[in-house]
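Paired with chain B in one complex and with chain C in the other, chain A is shared by the two complexes that follow.
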Partner chain A sequence: MEKQIRETAKELLAGKKVDVIIGYEQGTLPLQATPCFIDNVDDADKLVWNAFCSQNLAKYVHDVIHRHKESQVRVKPEERTKKIVGVVARGCTTRSLVIHLQERQYSRDEIVIIGVPCTGYVSKKKAAIRVDGAEILGSAVSGNDIVLTTAGGDTTAPLQELLSDSCLTCRFNNPIIADVTVGEPAPPMNVDAEYHDVVKFENLPDEERWAYFTKEMAKCMRCFACRNTCPSCYCKVCFAEQSQPNWVGVGVDDTDVQMFQLMRIFHMAGRCVDCGACVEVCPMGVDLRKFLKKLDKDGFELFQSRAGADMEKPPILSSFAMEDRQEFIYEPEEHA
Partner chain B sequence: MTENKGQENWVPKIVGIVCNWCTYAGADLAGISRIQYPPNVRLIRVPCTGRINPFYVMKALQEGADGVLVSGCHPGECHYLTGNLSARRKFYMLSNFLSYIGLEKDRVMFTWCSAAEGERFAKVVKGVTERVKALGPASKLVKHL
Partner chain C sequence: MEKRLIAKDALAGIIKKLSEKMVVYAPVKDEDNICFRVLEKGQEPLVNYANTKNAPKNFFFPQTETMMRYMRTERGMELKSAEAEDVPEALLFGARPCDVRSFVLLDNVFDQDEYQDPYYIDKRKKTTIVSLACVTPPYSTCFCTSVGGHPMSSEGADVLLTDLGGNYLAEFLTPKGEALLSQIGDLAAADEGAAAAKEELVKKSESEIKSKVAGSEIKPWLDENFEHPFWDTIHKSCLACGTCTYLCPTCHCFDISDQVKGADGKRIRAWDSCMYWLFTIETSGHNPRTSQKQRWRQRLLHKFRYFVDNFGAIACVGCGRGVLYWPVNIDIRKDVNDISKL
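On to the complex of A and B.
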């Protein structure tokens, strides 16, 4: 697959079909492939595809195109250039691209999608737990196993057990849209278990849910890494840093953090593709997915649509129907 | 908004975010018709429920509202045709999400109330006030300075 990605990248670059290809390259840290930007044929051999490609590259597609558009603002209209971006995209990445397209962030002809079937990426958190928090010095996949190297020696574990939660129940591991597809379609993941976690949480009493929410949010130090890595978080001015109005207080009060999280997570309604990128980058291990997945579940159950799953279906909060459900509407009691 | 919390004679403070064209006028009608209803709701007038950012609701809770009531034109009667229809989706998601994190369901309530429904407005306010009273002062998400 890796070879095919490189060949495709070379063809696209040589044929001047794209100006740059965004993909993954070997990182300097174990368990982590690094996003890279390839703009000439010779560099295309740097591209890799493995179980450590955890970031959602749609983020960079948006960044590159918008950076370029800004650079064109002072250029005469007739001399403006377009930048065509190629991107190595698995299922969730293509969903994010669909969201960008639906939200008119760029047009379809500005991107070339190299679709890659995906079998999941390794969760760094799960790997750390597997080695009891020892520093992981190296990682390698061999067959269905992963070998983690620490100062104390090697630990071998089944790859499946270390895959990210988002991957384990992923419904869209094959690309939704693509211009070129490499490899054979990936086998389906355990989609039936998709909402098990959410349902279990829903069935807890109020107080337990509240306790869990506050406990998780108390870990957050507002580094904003989750927002920075999320392809759906592309606002030029984020509410989190806005001062007029000042949505999020800068103090150390717990509720300031809770507000930030509540607002960011809710902003993902109908827009989160469960790529797990935010969970992967969070240095504090906040269980963001527990809350994000709820929005996905409700969006589907109430409005029969999943974020970025279908180019023809508008995002749930950008559309409506007269006959939408409204059981939540309060009808006053008939008292005197 | 926290001054009388913990006191025996505690009365809830409820923020009502209402649409100018219907519920606000409905409240007016209730007023001129001299219908009695509890004075606990402070109204904030917005041009349409479609204008209500879910952040308003969250922020109101953080700033100490014991309850939030959102009300606008009945579906099909929005002054801007569909503002309340997109709002309805947003608020359904919001209502579910706030309960999911453990907030009491009755802290945040949504309803429709037209300009002709002065009586319904009074009933809504009464009902909402009673429910919030039953919950007691808000503690979750409230910022304590």
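On to the complex of A and C.
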């Protein structure tokens, strides 16, 4: 599949169908593939596809196109150019691209999607737990197993056990939209278990849920890696950085951290594709997914909509139907 | 200098006991992270760990700190307090030599002839630092020897502990260290053999730091190449998050703002990050660094050029945190080495 991705990239670049291809290249550490930006045929062989490609590259598609548009502001309209971005996209990445397209962030002809079937990526956090926090000096996937090398020797684990939670129950591991598709469609993941964790969490008493939330938020150091890696978080100025009004204080007071995360999470209603990128980049290991997945479940149960899953279906927050559910709307006077 | 021996299994207990009478900052296991935290009274610290996820800089330079409080009254603004908030005598236990060296570097900024930062200095003065030498390197990404450090350096420490197998050799290096010794009480004196055993480890530990970075070689290139195509290549995958700067022991940029509620206000300073788009933005809206390329260049130049110009040292201690925890695996070792080949 890696070879096919490289060949496709070369064709697209040689045929001037794209200006740049965003994909993954080998990182400098084990378990790491890192985003790369290929703009000439010779570099296309850097592209890799493996179980360590964890980032959702739609984030970079948005950034590259918008930076280009900003650079065109002072160019005469008739002389403006488009920047065509190719992207290596698995299912969740294409869902994010769909969201961008539905939210009119760029047009379909500005992107070329190299669709890649996906069998999931390795969670670095799970791998670290597997070796009791020892430094992982090497990692290799062989068949259905992964071998983690530490100073204390090799640990072999079934790959399945180290996959990100988002991947384990992924419903859309094949591209939703694509211009070129490589490989054979990937087999389905364990979709029946998709909301098991959320249901368990929903059934806890209020105090326990709040305790879990505050415990997780106490780990957060406000580095914004979660927000910045999220393709759906593309606001030019985030509410967290606005000063008039100042919605959230800077720094790490509990209330400010909780407020920031709560507001970000709610901005993800109908917009989170559960790619798991925010969880994967978090240096402190905050369990953001628990809360995001709840919104995803609500979106489906209340509005029969899954974010970015259908190009033709309008996003839930941008559409209205008379029969829309509304009993959850809070009327303060009724609760007084 | 007093040299004593501490039995290996007694160390955690000694620190636990100290935590009952003074504030102790020490590494603890916090779910899946090992972090520096304030020990609860009677809590045992970790003594066997590679390194913490967070750097200990926040004990002297907190992520959020109140600088003064004020109140709006009929007569105008009145100061409620303008001094650093009261901080206790404290013990920082278990910082690795690289992290301890970061304080020596930060002193250049916060405690110098032209500027004295009372908030930092107060905490720094009141804190005794017990450092744990790296007899074996904590991580393969450690590169302290490339940036002026040493895995068993005592630079900046009040007490240096060296793992000799069955015992720790405890060297009480400063008056603050000796005062701590009197708090701990009786400890067996170390003989010549222990000192000799330590000396042997010094060379061995140095040779075990395998990761090499051309930290001191790139300064002449950096001096000449503010504009160079290289700068277009390294920032592209950068998320512009604050992970690298927040986990870094030497990053020290901050931002000052006021928080006002009703008539009460406080002026706080909070960690800033050159990775953020708000960094150096001016009130007018103008920003001298509008792109991530410029901000990325700023971080590298600050560490390997400006700090060297200003204070004669590289502002990197080679702890490897940035390398290990960088969300998208931008590797500063690679970038520095790539520059050295240009």
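The rule is short, and it goes like this: the second predicted complex is superposed on the first by the 326 of 336 C-alpha atoms of A that agree within 3 Å, B and C clash if a C-alpha of one lies under 4 Å from a C-alpha of the other, contacts with A are read in each partner's own complex, and residues count from 1 in each chain.
The rule we apply is simple: a residue touches a chain if its C-beta (ideal position, glycine included) is under 8 Å from a C-beta of that chain, and two chains touch if they have at least 3 such contacts.
Computed from a predicted model, the values in this text were never measured in an experiment.
Peer 1: Once the two structures are overlaid on chain A, check if chain B and chain C clash or fit side by side.
Peer 2: After superposition on chain A, chain B vs chain C: fit, no clash.
Peer 1: Regarding the shared-chain residue A:P35, is it in contact with chain B (first), chain C (second), both, or neither?
Peer 2: After superposition on chain A, A:P35 lies in contact with chain C alone.
Peer 1: For A:S71, select first, second, both or neither according to whether it touches chain B, chain C, the two together, or no partner.
Peer 2: neither
Peer 1: Going by the contact rule set out at the top, does A:Q160 touch chain B (first), chain C (second), both, or neither?
Peer 2: Once the two structures are laid over each other on A, A:Q160 reaches no partner at all.
Peer 1: For the combined three-chain view, what is the angle at the C-alpha centre of chain A formed with the C-alpha centres of chain B and chain C, to the nearest 10°?
Peer 2: So the C-alpha centres give an angle of 90 degrees.
Peer 1: Does chain B (first) or chain C (second) touch A:N228, or do both, or does neither?
Peer 2: It touches chain C, and chain B stays clear.
Peer 1: Does chain B (first) or chain C (second) touch A:S107, or do both, or does neither?
Peer 2: It touches nothing on chain B or chain C.
Peer 1: Applying the touch criterion given at the start, work out whether A:D253 contacts chain B, chain C, both or neither, answering first, second, both or neither.
Peer 2: Both: A:D253 reaches chain B and chain C.
Peer 1: Thinking of the overlay built on chain A, is A:N190 touched by chain B (first), by chain C (second), by both, or by neither?
Peer 2: In the superposition, A:N190 contacts neither chain B nor chain C.
Peer 1: When the two structures are overlaid on chain A, which partner does A:Q242 contact: first (chain B), second (chain C), both, or neither?
Peer 2: A:Q242 sits against neither chain B nor chain C.
Peer 1: Nearest approach of chain B to chain C by C-alpha atoms in the superposition, in Å, rounded to an integer.
Peer 2: Distance of closest C-alpha approach: 8 Å.
Peer 1: Looking at chain A, which of its residues have contacts with both chain B and chain C?
Peer 2: 249, 253
Peer 1: Touching residues of chain B toward chain A in the complex: what are they?
Peer 2: By the definition above, chain B touches chain A via 54-55, 58-59, 62, 75-76, 82, 85-86, 88-97, 99-104, 109-112, 120, 123-124, 126-128, 140-144.
Peer 1: Sort out for me which residues of chain C touch chain A in the complex.
Peer 2: On the chain C side, the touching residues are 30-34, 50, 53-54, 63-64, 138-141, 236-237, 239-243, 246-247, 255, 257, 259, 268, 270-271, 273, 276, 278, 291, 323-325, 327-331, 333-334.
Peer 1: How about chain A: which of its residues touch chain B in the complex?
Peer 2: Against chain B, the touching part of chain A is residues 201-202, 206-213, 239, 247, 249, 253, 255-256, 258-259, 262-263, 265-266, 269-270, 291, 294-295, 298-299, 302-303, 316-322, 324-326, 328-335.
Peer 1: Which positions of chain A touch chain C when the two form their complex?
Peer 2: Spelled out, the residues of chain A in touch with chain C are 27-29, 32-37, 55, 59-60, 67, 125, 128-129, 133, 135, 137, 219, 221-225, 227-229, 241, 249-253, 280-285.
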